[in-house]
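Order of writing sets the chain letters: A, B and C. Residues in each chain are counted from 1.
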Amino acid sequence: MKHRAATAGWLSVICAGLGQLYNRQYVKGLSFILVYAAGIYAIAAKLTPHLKGIVTLGEQGQHLVKVGKVYKNVPGDHSIFMMIYGVLAILVVLLFLLFYALNIRDAVVVGRRKQSGSELRVLNSSVFPWLLLSVPMIGVLFFTIMPIVFTSLIAFTNYASPNHIPPKNLVDWVGFATFDKLFNMNVWSNTFVGVLSWTIVWAILATVTCYFGGILVALLINQQGIRFKGIWRMLFIIPYAIPQFVSLLIMKNLLNEKFGPINQYFRYFGMEGLPWLNDPFWAKVSVIVVNMWIGIPVSMILVMGILTTIPKDLYEAADVDGATAWAKFRNITMPYVLFATAPILITQFVGNINNFNVIFLLTGGNPATMKYNNAGETDLLVTWLYKLTLDFNQYNIAAAVSILLFLFIAAAAIVMFRRTRSFNEEDMIQ
Amino acid sequence: MKPRLLFSYALLALIAVACIYPALWTVLSSFRVGNSLFSDHFIPTAWTLDHYRDLFRERADRSIPYASWYWNTLKVATASMMLGTLIQLLTAYSISRFRFKGRKAMMMLILILGMFPGFLSIMAVFIILNTIDLLDSIWALVLVYSAGAALGMFVAKGFFDTIPRSLEEAARIDGASHMSIFMRIILPLSRPIITYISLTTFAGAWVDFIFARAILRTPENWTLAVGLWNIIDSYNSTEFTLFAAGCVLVAVPITLLFMYTQRFLVDGLTAGASKG
Amino acid sequence: MKKVYASTMLTMALLLSACGGANNGNNASSSPSASSPAATESASAAPSEEAGEEEYAPEEGAKLVVWYSASEKALIDEAAKAFKEKYGIDIEYQDVGPDKSIEKMITDAPAGVGADVFLAVHDRLGSAVQAGVVLPNDLHEEESKANNSDKSVEAWAIDGQLYGYPMSVETTAVFYNKDLFADTNGEAPKDWNGVIEFAKKFNDVKAQKYAYMWEVGNGYWSWGLFGGYGGYVFGKDGTDGSDIGLNSAGSVEAAQFFGSLKDQILPIKAADIKSDIKTSLFNEGKLAMNVSGPWQTGEFKKSIANLGVMEYPTLPNGKPMMPFSGVKGFLVNAYSQYPIAAKLFAELVSSEEFQAKNFELFGSLPSNKNVAASDKVSSDPFASVFLKQFDNSTPMPKIAEMNAFWATHEAALASLWNDKADPQATMDDWAKKVKDAIASAQ
């Protein structure tokens, strides 16, 4: 009896489920054996070609064969499909290995418990969250993690127009050549550095302007003596409620230098108007201003919510001390609001780095410039990536850039979030 | 006191004009005769309802199945709202309520994955959907939106964190299971956050055109955002007033919905911000 | 623990089914060759009997999907009716415009969701052939070559191999509003000096009245000047990607003239001129001469009482302008399950009959010689002008390197126009940029 746990464990090493049978868990044991058999069969029979495929990425592309008078299409290996199937196959293998490892652990744990004669306690509370999480996790695995892995792999291939576009052409692994090109080939590195710098400047300015703009508007409405607070608030929510693809495309027309109504009003007052979207500098100003139009309502709603949570007794105490309105604002309202909304700054900052809509719909990255490769003056990394993939089919460069972008965002977010209450003090709230 | 208030009112009025002006301009354009958004006059000199009629009329020269786009969008938005909200709540609940191995790592993973720009995964998603034969189906769109829903769980988690544990512990002593605690105690308390999440997921599906454009291949299956985008995104597209009319019909319901539920918006955003 | 396993297994099941599906997908994409023994047989039989297309019967149970622009869908409806009568095959129409069809086909064809037959513009043919998603026009090569103008056939061939079924040609010319030329009996000036003279009288920036307008910032619309001065993008009729002619003497001379025009006739920044604004001004009688294409003829006829169209004004050096032109045509998806039926439909819809119909319905300019020579077309005051301009045009280069041109044209033209940048330096820079962009994609 002494080696019960070890025996069960070894049996499960030989074949999943045997240990469980030995532990007299018959149903579990049998189902494990079935899964094990199915898994081995699937890997051996079905997945091996896909696993091989991700290594070779195909040997012969699609081509045409002339038969008599007509050409016939001979579908060949599609490197990109092969890569995705390969990634899927690897996922299956990994999951199978996870199952195998858990199976051994289970056999040992149950065996040990039988050994010590303790009751088979239902491990409910540690399993329940995983059960709840399993469905979302599957979704995330297929539609987020898998695509990320796939994108990362693309960066190490030569998948780019014009010479390596399947199905006719094969794509090959090229190691770090893409990164080498991105950093050492002037055309690419200039663009990358230029676009990256503007992305950072934009993210900071966009976040700060919306944040403080929101606070300002909220305080404006919340002043004592202002009437119809609800109506003001409702009016100011409008920009947030209109779908962005509508409002931004309209804005683009409003800001047309010659024909847009904004400049027409300027001219009505005898001024020349501004080159809103035409001048590199003013285009940058315009996107930030328009982004305020969209972003301030959110911050405003937030701050208004927080204002209602400030304990009234703080103000009452201040009144007793005879504090002026300004002193109350500076010493109670402001610190409270800033403290409560600080975490949102981080989310908004990251959101702005990835703010695709505003740039894509408003300027499309323009004004165009000769300085950059496939990018304009107001292009952010994300919109540049979009152009690289959808317009210019430079998939490998785009993948390399997105890896770098992702690493940058992830690092920044981790560092900053580590300091927020969400991670460190969450159990203290209750 | 008086001049300050006056100044505040002036400022508020100015902001209000800035907020309404583009919307009003769109609405007026949709009644304008002709095809161009550009005009010398803010208020149209000649009014017409033709653009609205054109949206629902069979036309020989151009097929714009606006009604079916509308219906598709409603289906996609409603289905992704229900599925996405459920998934997001479950994720947030389990992360907020349970202390299990790998929890912190999981949170970090969700946080980081949530920052990956979604459209970069389009190509892989396209091929996966093609493999399981779901390309060009609006349900594929629902699947994609819902699959990513878990990543937005931080707002809800922040909210759940504020519900006192003592409530559940009392119920557990009475022998309630995990599921019944969730259904009977947590959910009823979470109305504001549920409304908030439903609203944002609904709106997200309502306006997305990046994924929708990649997945939906035939015009009959398009959603409004894709269809409207297509009206003006062609080298010889000229029907900008038609686009404006289409936009008005897209924007009105969602704007009203936001107005109507703004109380929940305030609650939801506040919960997410101060605790999340 | 049980539940962890349950979810693990569920995931695995999903993955397996996905991979299983993958196999199916592969089968599906290879099925065209397997499921069309008829094609193979008839193909092998063909050489022995003096190749007539009668032996090439469409595949059993064929059903075709066609991509075509939505605004001209009526033509496909008519052709589908005729095709159904002749072969009993149904045609399903989908809205994909010729300007986007090839890009979409490159992703959709191997995935098995592309149309069987689609309309495209010839300038993207290089990418389509490079990606291997189109079949050559083999069955009807002789007819296509014989019936269509040489320029349109040339546009659809690469290395001597014909791919497309030419359908219509497209170029740009100058519409004008005769009522605004009362002094000259409704005749617009025929050369640039005349246009500049006219602009001096007519232009009124305050009232937004302009003499002559085109989408300055776009290489497609501005090329007429460059081509007219003898400039070129790529050498050897646009097929040699290593010979970049953007800074050739002619191109620089054109750039000089181009840059001078802003102050003389059109004081607007390049990016502000949008097609809808231009159209709107023209319709309101505020724009006298409007550069556009035949697809707007119908629209302008409705709004302008006395509409005229003319070839581009002659350049100051006496030479005609040479705008870019495009040839639209049908292509057959290489992954089509019914390649023979698809080719038969492409042939039918691009035939004389339907090119004539296309002209009747939408004013599209035929590439077919007979239709072009027919009374209806040659006596049409608009179509005849556009066809004449087409003879004086450069088909857009179709090599993949052209992407580098389209990636840079806006920036280069904007700096010439808006900033009046030095022509030589800017054109040198542009040429270098195109060269770099080509190199960066290698």
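The definition used in the following text is that a contact is a pair of C-beta atoms (placed from the backbone, for glycine too) under 8 Å apart; a residue touches a chain by one contact, two chains touch by 3 or more.
Bear in mind the structure is a predicted one, so any value in this text is a computation, not a measurement.
Chemist: Which chain's mean C-alpha position is the greatest distance from chain B's?
Modeler: It is C.
Chemist: Looking only at C-beta pairs in contact, point me to the busier pair out of A-B and B-C.
Modeler: Of the two interfaces, A-B and B-C, more C-beta pairs touch across A-B.
Chemist: Averaging only over C-alpha atoms, locate the centres of chain B and chain C and give their separation in whole Å.
Modeler: 37
Chemist: So how far apart, in whole Å, are chain A and chain B when each is placed at the average of its C-alpha atoms?
Modeler: Centres of chain A and chain B (C-alpha means) sit 17 Å apart.
Chemist: Return the residues of chain B touching two or more other chains; collapse runs of consecutive numbers into ranges.
Modeler: Residues 37-38, 40, 127-128, 131 of chain B each touch two or more of the other chains.
Chemist: Residues of chain C that touch two or more other chains: which are they?
Modeler: Chain C, residues with two or more chain partners: 18, 22, 25, 208, 274, 277.
Chemist: If I count partner chains per residue in chain A, which residues reach a count of at least 2?
Modeler: Residues 81, 85, 88, 128, 130, 135, 137, 142, 256, 259 of chain A each touch two or more of the other chains.
Chemist: Name, in rising order, each residue of chain B that touches chain C in their complex.
Modeler: 34-40, 60-64, 126-128, 130-133, 135-136, 217-219, 230, 234-236, 238, 240
Chemist: For a test of understanding, state which residues of chain A touch chain B in their complex under the given definition.
Modeler: So the residues of chain A in touch with chain B come to 80-81, 84-85, 88, 124-126, 128-130, 132-133, 135-137, 139-140, 142-148, 150-151, 217, 220-221, 223, 225-226, 232-247, 249-251, 253-254, 256, 259, 261, 264, 293, 298, 301-302, 304-306, 309, 340-341, 343-344, 350, 354, 356, 382, 385-386, 389, 395, 398, 402, 405-406, 409-410, 413-414, 417, 421-423, 426, 429-430.
Chemist: Mind pulling up the chain C residues that touch chain B in the complex?
Modeler: 17-18, 21-22, 25, 69-74, 94-95, 97, 99-100, 107-108, 111-113, 208, 274-277, 279-280, 283, 293, 295-296, 299
Chemist: In their shared complex, at which residues does chain A touch chain C?
Modeler: 28, 32, 35, 38-39, 42, 46-47, 50, 61-64, 66-75, 78, 81, 85, 88-89, 91-92, 95-96, 98-99, 102-103, 106, 109, 123, 127-128, 130-131, 134-135, 137-138, 141-142, 160-163, 165-169, 181, 185-188, 256-259, 275, 277-278, 366-370, 373-374, 376, 391-392, 394
Chemist: Report the residues of chain C in contact with chain A in the complex, numbered from low to high.
Modeler: Per the stated touch rule, the residues are 1-12, 14-16, 18-20, 22-23, 25, 29-30, 32-33, 39-40, 43-47, 51, 56, 106, 109-110, 126-127, 130-133, 135-136, 138-139, 208, 217, 268-274, 277, 334-335, 339-340, 400-401, 403, 407-408, 410-412, 414-415, 418, 429-430, 433, 436-437, 439-442.
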